[in-house]
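Chains here go by letter, A, B, C and D, matching the order in which they are written, and residues are numbered from 1 within each.
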Amino acid sequence: MPHRLIITCPDQPGIIARVSQFLFDAGANIVHSDQHTSASEPRRFFLRVEFEGADAELTDRFASLAAQFAMTYRFVNGAARKKILLLASRESHCPQELLWQIRAGDIQADAVGFAANHPEMQSLADEFQVPFHLIDSSDRPAAEAEILRHALAADFVVLARYMQILSEDFLTRCPVPAINIHHSFLPAFVGANPYRQAFTRGVKIIGATAHYVTPELDAGPIIDQDVQRVDHRMDVNELKRIGRLSERMVLARAVKWHSEDRVLLDGNRTVVFS
Amino acid sequence: MPHRLIITCPDQPGIIARVSQFLFDAGANIVHSDQHTSASEPRRFFLRVEFEGADAELTDRFASLAAQFAMTYRFVNGAARKKILLLASRESHCPQELLWQIRAGDIQADAVGFAANHPEMQSLADEFQVPFHLIDSSDRPAAEAEILRHALAADFVVLARYMQILSEDFLTRCPVPAINIHHSFLPAFVGANPYRQAFTRGVKIIGATAHYVTPELDAGPIIDQDVQRVDHRMDVNELKRIGRLSERMVLARAVKWHSEDRVLLDGNRTVVFS
Amino acid sequence: MPHRLIITCPDQPGIIARVSQFLFDAGANIVHSDQHTSASEPRRFFLRVEFEGADAELTDRFASLAAQFAMTYRFVNGAARKKILLLASRESHCPQELLWQIRAGDIQADAVGFAANHPEMQSLADEFQVPFHLIDSSDRPAAEAEILRHALAADFVVLARYMQILSEDFLTRCPVPAINIHHSFLPAFVGANPYRQAFTRGVKIIGATAHYVTPELDAGPIIDQDVQRVDHRMDVNELKRIGRLSERMVLARAVKWHSEDRVLLDGNRTVVFS
Amino acid sequence: MPHRLIITCPDQPGIIARVSQFLFDAGANIVHSDQHTSASEPRRFFLRVEFEGADAELTDRFASLAAQFAMTYRFVNGAARKKILLLASRESHCPQELLWQIRAGDIQADAVGFAANHPEMQSLADEFQVPFHLIDSSDRPAAEAEILRHALAADFVVLARYMQILSEDFLTRCPVPAINIHHSFLPAFVGANPYRQAFTRGVKIIGATAHYVTPELDAGPIIDQDVQRVDHRMDVNELKRIGRLSERMVLARAVKWHSEDRVLLDGNRTVVFS
């Protein structure tokens, strides 16, 4: 697996020349590179490079170049696998899809913990040999304290249809990003019961959105979305059934891309080098 | 072309038996039939039948059966073509797509008038030999009076990116339905500049929605919607360019379906026998 | 669950009138009805009706009407669940998807047996408590004899990425239909290694096809297909990874529709009342 | 409009470093860059760079660097518009779509000639003020001689549903590439009447493919493809109607991408930096 270099900085001439020269001098061969410059002023520069032939321990050597261009950057060892804390409630389709794709090798990450406020999730966690943590969502401070404790051992948190709202206090204290799957094409149908909202409005498509969690409900940076056509014959339960397929696919893609450092933040928007 | 019978009524046993027996007795052969019963109480029944072998003048003979089941119904001569009043502003892609599809025989209807508040539309109207009416949207009462006058000669109105809001008074007085194309996947991005709203929110899909016009802005019954994937590289202009393709396709489908009596109203939802 | 009546016969006037009158007289209320008449001569008539209020034991009473119209027909008890024999080889994604959708209640059928020529499948069968049968595909006659024995206890067979070709002799003797998932958009890339064929040809979409098995390889009636966009960055392994998602979805839809008697044969084509 | 540098060469370390240093030294700022390395041995390197701040006349200065890496390369002035020779037969939807997207500014190219073997195309050419050439396809050598004459004045040829096969001799002598739209998802349904073939096979999707023309029929490098779902209710004419929408969209995308130098050849496959 190639290593990765991820860079975000203000745009200016010469960045690619300097970075690629640095890698060449370090003996690294670029095997893939994705670059983006944002369209609106002040323009920002985003770069994701995959390289071979050098090890990933280049952070210190890169520091002076990075300082010169005011870069936010990180080198990532391609052999390392990110650690996921899964959060779920009563519905199993999302955590199950993720656990399957991890086991199949399609997602390059490991589930190191599975917390849920419904005991039915235990058997799924057991089946995939992931440590299970039953949390009591009726006591939110205690529940969030426990989630936070497990999040500290993970690289990111995945809300795989976790039906509780995380407090702003939790989000402030949680040191790792959290990805949520919302069961509508945002910004439509924010909040509770999006499939019922969709049925009532009579839309001809339903969808799902994976996004980073921020304090404002369902308003964080969107990583991926998808929709399916629906029609008048489908009641709310049928919308839910079909929607679960989109939720699974969209969340799995977002988790895969985040695990491979393909998602960069540009304010409240994302740059996805998929 | 087969004739059509369109029925909406409260659901109860025996409707199909009675209607199909009526048609059989009238010498009609059903060549296609679509039926739907709504899921929520009180359940309503929707039927669209295409038949051959009898003429379409069965309205009077059907009246007593219709009364018995409290039906709203109409017989439509399959050879008749609906008359469309087109409304547009400055962008030509939507009226042009409709005029092409009409000329190609893909939409079974005729444009009998083309009203716009920008004179640039005249050449398009001329090219397709549709009477053109320049309206002055700075004087809304006068503009709407003129639109209403032309609407009276049409079977329905199509707002093909007409960028003015029609008043509730106009809608109350207009005797024919109006179909609008909104350049977002409703209910997201209601109102002005939906592509800019979409860009700012950072969505990964953009779309278009064709709906019947009601007094509440962008809230009428949805006929069709579609989306396309977008990504971080696309600025607002690129979203508009891609979006125009969806707008054209979605509006053309909605106009085609309406022209063929495939769209039935179920409150603020639609039954589309596509 | 409503009961079902499925009819295929030569087209002629009056079928719907007679059938719906029969159901009305039997005390049945039609809650959903789908009808199709084929376009090419001699035109054939296809009907699928869901009804409530009468039991499903109407076969005998219907016989004389059916004879009059030369109908092939069946009444299906809506509460009955079809029995599936699963066949697989080494890859688990397809049987796993089916078993999960069955457990979730999304597919109205039961897996009554799981035969595979690779022992790794046993744990999956065990997890879902489906009787497992290890077959030795190196001795095809013996393998097919065993599959046939299990098929006799099922309503249909699903080849969920079973990588052996079933002999014409087997297909002749097998009394129940078999559904296969082929990992390409047929008729492209028939036979072995379709993803490698797709990569070599440089296509920009890949797909999957669910079809009924007939003696000619990958040439049976198609039930469903779907595709995904791919690009130059994807090697054969990536095509396989993405393709597995299509295979799972397409096969699950086909099995669901077959389980609900929504798939009718029209020569080598299918009528799918989805 | 930024200028472009397009490079293809054998893969080796240091290419990006050297090229980006060259551009930096020339005063050019890279505003967008796409890079790909093919997966199979011998690995090839593909690069498309958009740059500002320097003019496009860097060909000579780049020669020695290019020689060192055995590069095939070209600099393209971003302000230049490629010249298209359109070829069509009797159906107007494809040339019409292209001419409209050109006029709308969505395709950065100009139609400099429109040759057709049916006189009905003349009015379309006139409407967009493109010189029209009626060719007599009953005399293929003469027809191809005339097409060749017009092709010499163009940068590429677009077969917008031109229903004649171009001879190998023509293709050998034609100095510019030709893009064809085939009305199926290749490699399925090569040759004549693909919609009829699709109907007969009973597929559930139909599609269109844009590809470069090579002597082997419908076998050249694929630029883009797309599909739409179809069902049993659609006869061949309905497949054609729906298919025309895909043909228009797919061909327009391919022509747009080719016009912007986004399509690079990798043997019989394409790298599309869309």
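In the analysis below, a residue touches a chain if its C-beta (ideal position, glycine included) is under 8 Å from a C-beta of that chain, and two chains touch if they have at least 3 such contacts.
Predicted model, so just to flag it, every value in this text is computed and none were measured.
Each chain's centre was taken as the mean of its CA atoms, and the one lying most distant from subunit A is B.
Of the two chain pairs considered here, B-C and B-D, the higher C-beta contact count falls to B-C.
Each chain gets a centre from the mean of its Cα atoms; for subunit C and subunit D, those two points are 40 Å apart. Distance between chain centres (mean CA atoms), subunit B to subunit D: 36 Å.
Multi-chain contact residues of subunit A (touching two or more other chains): 32, 36, 233.
In the complex of the two chains, the subunit B residues touching subunit D come out as 32, 93, 96, 100, 104, 106, 127, 233, 241, 245, 249. Note for the complex: subunit B touches subunit C at residues 12-14, 16-17, 20-21, 23-24, 28-37, 53. Listed in rising order, the residues of subunit C touching subunit D in the complex are 36, 38-40, 185-189, 201-205, 207, 221-227, 231-233, 235, 266, 268-272, 274.
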